[in-house]
Amino acid sequence: MARVGVFVCFCGANIADFVDVPTVVEEAKKIREVKFAIDYKYMCSDPGQQMIRDAIVQHRLTSIVVAACSPRMHEKTFRKALSDAGMNPYLLEVANIREHSSWVHQKDKKAATDKAGDLVRMAVAKSIANEQLHEISVPVTKRALVIGGGIAGIQAALDIADARIPVTLVERSPSIGGRMAQLDETFPTLDCSQCILTPKMVDVASHPYIELIPYSEVIELDGFVGNYKAKIRKKASYVNFKSCTGCGACWQKCPVKVPNEYNMGIDKRKAIYTPFPQAVPNKPVIDAEHCTYLLKGKCGICAKVCEKGSIDYTMQDEIIEREIGAVVVATGYGMWDAKPYEEYGVGRYKDIINSLEFERMVSSNGPTGGVPMRPSDGKIPKTVVFIKCVGSRDKAKGIEFCSKICCMYTAKHAILLHHKVHDSRAYIFYMDIRAAGKGYEEFVNRAQVETGAVYLRGRVSKIYQKGDKLMVRGEDAQIGQEVEVEADLVVLATAVIPDKGNPALARLLGISYDKYGYLSEAHPKLRPVETAKAGIFLAGCTQAPKDIPETVAQASACAAKVCGLFAGDTMKKDPMVSTVSREFCSGCQNCVKVCPYQAIVTEDIPLGHGSKEMRTVAKINEGVCQGCGSCVAICRSMAINLAGFTDPQIINEIVAI
Amino acid sequence: MEEVKEKIVSIEKPDLIAPPDWKPVIVGILCNWCSYAGSDLTGTSRTQYPPNIRIIRVPCSSRVDPWFIIKALQTTADGVLISGCHPGDCHYISGNYYARRRFLVTRELLKMVGFHEHRVQFSWVSAAEGSKFAQVVKKVTEDVIKLGPLHLYKKENFSK
Amino acid sequence: MKKVTYFPGCSAHGTSEEFDQTVKMVMKTLDVEMEEIPDWNCCGATSAHTMNESLAYALPLRNLVLAEKLSNDTMTIPCASCYQRLKVTKVHMDENPELAKKINTAVVGEGEYQGKVAVKSMLQYCYEDVGLEAIKAKVTNPISGMKLACYYGCLLTRPKAITQFDSPEYPMSMDNIIEALGAKATPFDFKTECCGASFSISDTEVVLQLSGKILEMAKESGAHGIVVACPLCQSNLDMRQPDIEKKFKVKYDLPVFYLTQLMALAFGFPKEKMMFAKHIVPVDGALAHIGEVIEEPKKPAKAKKAVQAESEVE
Amino acid sequence: MITLSYQGKNTFLEAVNKKSGADVLECYQCGKCVSTCPVSNFMDFPPREIMQMIKLGLKEETQMANSMWFCLTCSACSGRCPREIDIPAVMEAVRHIAIEENYHSDNKQVKNIRKFHEIFLDMIKRYGRNYELRMMAEFNIRTRNLFKDMHLAPKALLKGKIPLGVKSMKSAKAIRKMYEMADKLEKQNK
């Protein structure tokens, strides 16, 4: 026979003013199973908790009901009190008589008291069916997988590895570095991007805890938090990295020219190439889509000139498997294609470029040697128009959101233009200047004062050619006049969009993404680093547009989360998970279909004791189960139950009203 | 078919006049993450609503077995309210969609056996919608009061 | 033989008689039979929808209802302004049957609107229903040597939601037809800028400014003349050209052709039939370019080599 | 100086939104319409400012402006508007509200434009079709500018650009009936 203790809280005046607490206690005492009932001013205070602990021992209670505030508030507190008294903490039930009674029925004390009594009775009834539960511990594989080798992936990998946790860093292109490696100088301090990034890239390559797998992609992820299994496809590079010295003879002699992605297609690279001089690893790969030998079986020049014999045209893609405990996704961003802006003549005029192309032009290792040039005739531009919000904040032709970084990098571009071409002038069409950040407003100010960049408030409506000039027409709302700027070069700050592969990757990882393709965080404010799937974290622009400091901060936060996850040998988990009674399971597998976490699999067990015939039943992976109870309600044979919310518990509650 | 349904719905009649001290009982089954949190917010913001509802907490609206609804109507309740997260907001990704589908089928079934459809109601209440929760409870309570006490299907009727 | 319903519009009997005549010639050559809507009325133009919304719908709706009495599934309209009014009415009526019923009460004694006839501009009909290949096949006297700026105006391709045809910013359909006739279409940025048509009479100052800019840009593109498919554009750019030249003290000398005039010319009709005499700006200078060889700017030899290297390796 | 104070609902904004089917509140004042508009130079307030005035509920000032009379409905602005506002429809709504409420502007250009449209509609009422020469003449008489465009006349007439007569339509009566009905419908819409 159950022995229930009931503890009713005054919560100062919060409950006592609107609920007649002594009556509730008296009502509780009338219940057969209740062996002890008492009230107290503050149940959550130390003396209050002490009362509970003492009563458990004194009255040999088998379950406890605390009638107080919402269980979302103090359930954990009282559970701890139970376990301190040597009682299983899950034998506690909380009757929410504050949020659900005293605070919402302040005009009718009788009704509030009646309701509180009911709530207590319901909690008592439920607690009678409570079972002892124990935290689940799940073993953890202490290795992290980082997807993407831009600054976000690099930072996350380094921080995790510095905590002596092995990291596998997977990068799609032949070198790590990402977008940041393409930048010239960075706002608001104008540090050289390469100077601050390349040491980190070298660190990644030499770190004893980092395994760098370049030129490869994640193709499969199975398992659950702490116990994932990843399959990585390493694309054939056709170059034996072990023997290659990176001398460069192969790409110097290669006759095939391909638009150079690193330089945004402004110049050409070869079919065998290293993306840029500081690449890590600094070994060339053959681009199978363009290599004449691989396409037609002719040429073979690179193999002839390679003294080490490192070229291997027979190389095949390789599948690498890794067991890992956590994943950091850092796939970065791309630039929106401004083609829909027909009024700007995008695609028709060579002298309209996007800001990343401009970045490459002003970059000292760029295709024009650090001097901006008009793509049409190679002349150095004197008047450059920068247009912000191209595609951003434009629900008609582009994307609704603000790309966040354009205001700042456009100010930077104005300064860089001034540094490279002293007698030039920048005209910047803007809608708002969003410069919230440390030193940002000062930086924009610097662009205006120091370089004389002219800021015009308005969206450009049309660009047309007149002679060799581009006429840029817009409104300057400050003077309420239409203006036309005779420009030599137009730079579009096109919207920052997520990597095109994000939706496919999200499906593969089992996480969600928004309508733009950005991967979704678990909570926009309080869990901005985690995804809804335990053990998968987001860093950098894969989640939303971000500048470098924010990206680095989020990457480090990911590392902290991973380290926290790996802190013990096992992970502790709430025991409120589903369990299957095999004897009742009919094997219909409806539960498998409804489980949002793929936590339910099937297994074959003998039909009867010692029988050789087999039958299929459901099996729940308690490491994955999040305890939603979908499977319980769908189960036709009532073979599944959810600990903490079992059918008897809930039915008891209903009947007790 | 629609006509038949309409006729069946009209089976339930308040054939007994409600006793003067009658107060309806409504069982509210709320998901932990949105609606229960929303009902807590109703409390913290001191929004008042009729005291007839008795709230049961479940992790997700998809945990609600039709059995719970039937059991409640059979034993204690004059009406049942199920509430979950808004579509697309489910803490468990898609549980509220299962809940809605299951609920619709259950309600159809109950209508077929003679319950008025206002006896069982479904709503989306988020953790931020404290005042909406109060409105929902008010509406459900008013609907049930209009219908009167639930005598049909009560155990005591069968045992007599 | 295709058959199509024809709505000439008021200006066909007035300022743009040459458009009307050449459309008929061209369509005949292209094996399209045109059936004029019997006793059609004015579309109401800008004036109706400026002043009276219901009238702005009722006037075109009568024509749509009349068109449905003929057995053709498409109606074609040379005048861009009429086309716009009829198409707007059609789209809005199809979207909103209740409104259609209401407006229909003002169209007395002609029956119910059903929405079964497609409305296309003459340009759209030539481009989509006839097709470039069919046009090319009928060309006997190519007008090669002429460089022409194609001017679409505001009404043929805008708004996109209504017209559902070509680009509202940089359309190419007329350019493609002109090239099919053998001429060269110049890159012209003011293809869809407004000429100020509806102020042609009421506020001439506006027209001079707007049309002046269009002429300037057409000249800039190196064109010998301008091609249009709209009577209002034609009369503004042609009739007002001397005024514009006087006002801005420039000489453009850009004849303004109807697309169909040039089509008829390329199809081998004699020059006299085009009614070029009606043009204010003489056309002879531009037509004299026919037969000239246009020199393409040569690509540097080096660049060619690089292209070869990309595609084929020794 | 305009003083803004709480006036209850912005009924002007609501009326414009309802009539145009657009949402003026969407406007974020980027000014793309202003530099797109071929006639914004001639307007008292370019479209962007008209939007803001509607938002502020400045009905008098908006109706006093010549902007909506200058709008050519060329739809260039709405094709480029990043907020997908049907700006010509908004202009039209403002204009129709002004007409319905019998608001007459003192602006000479507006008067001319209005007169032109009235004459044009008159012409159609009479003939069912447009009679260009007569219309031009009547416009010049009514605006007391007899010699406007007269220098064009000899050339245009000589070349047959503008014909002397009009082919009137048969069912001109039906058109007159249509005018009556349309006026009725307009009144219902009020």
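Which chain is which? They are A, B, C and D, in the order written, and residues in each are numbered from 1.
Everything below uses one rule, namely that a contact is a pair of C-beta atoms (placed from the backbone, for glycine too) under 8 Å apart; a residue touches a chain by one contact, two chains touch by 3 or more.
This structure is a prediction, so every number in the text was calculated from the model and none was measured.
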Which pair, A-D or C-D, has more C-beta contacts?
C-D
I'd like the Å distance between the centres of subunit B and subunit D, where a centre is the mean of that chain's Cα atoms.
57
Distance in whole angstrom between the CA centres of subunit A and subunit D is 53
Subunit B-subunit C separation of Cα centroids, rounded to whole Å
65
Between subunit C and subunit D, what is the gap in Å from one C-alpha centre to the other?
24
Subunit D, residues touching no fewer than two other chains
41
Mark out which residues of subunit B touch at least two other chains, giving numbers and ranges.
none
For subunit A, residues that touch 2 or more chains besides their own
343, 462
Dump the list of chain pairs that touch, please.
A-B, A-C, A-D, C-D
Seen from subunit B, its contact residues with subunit A in the complex are 23, 25, 27, 32, 36-37, 39-40, 42-44, 46-49, 51, 54-60, 62-68, 71-72, 75-77, 91-95, 98, 102, 134
In their shared complex, subunit C is touched by residues of subunit D numbered 38-39, 41-42, 69-70, 72-76, 78-79, 92, 95-96, 99, 109, 112-118, 120-121, 124, 128-130, 132, 135-136, 139, 148-149, 152, 155-156, 159-163, 166-167, 169-171, 174-175, 177-179, 181-183, 185-186, 189
Using the touch definition from the top, list the residues of subunit D that touch subunit A in their complex.
28-36, 40-41, 46, 48-49, 80-84
Subunit A - residues contacting subunit D, complex:
343, 389, 393-398, 431, 457-462, 473-475, 477, 480, 482-483
Where on subunit C is subunit A touching in the complex?
167-170, 187, 189-190, 217, 220, 306, 309-310, 313-314
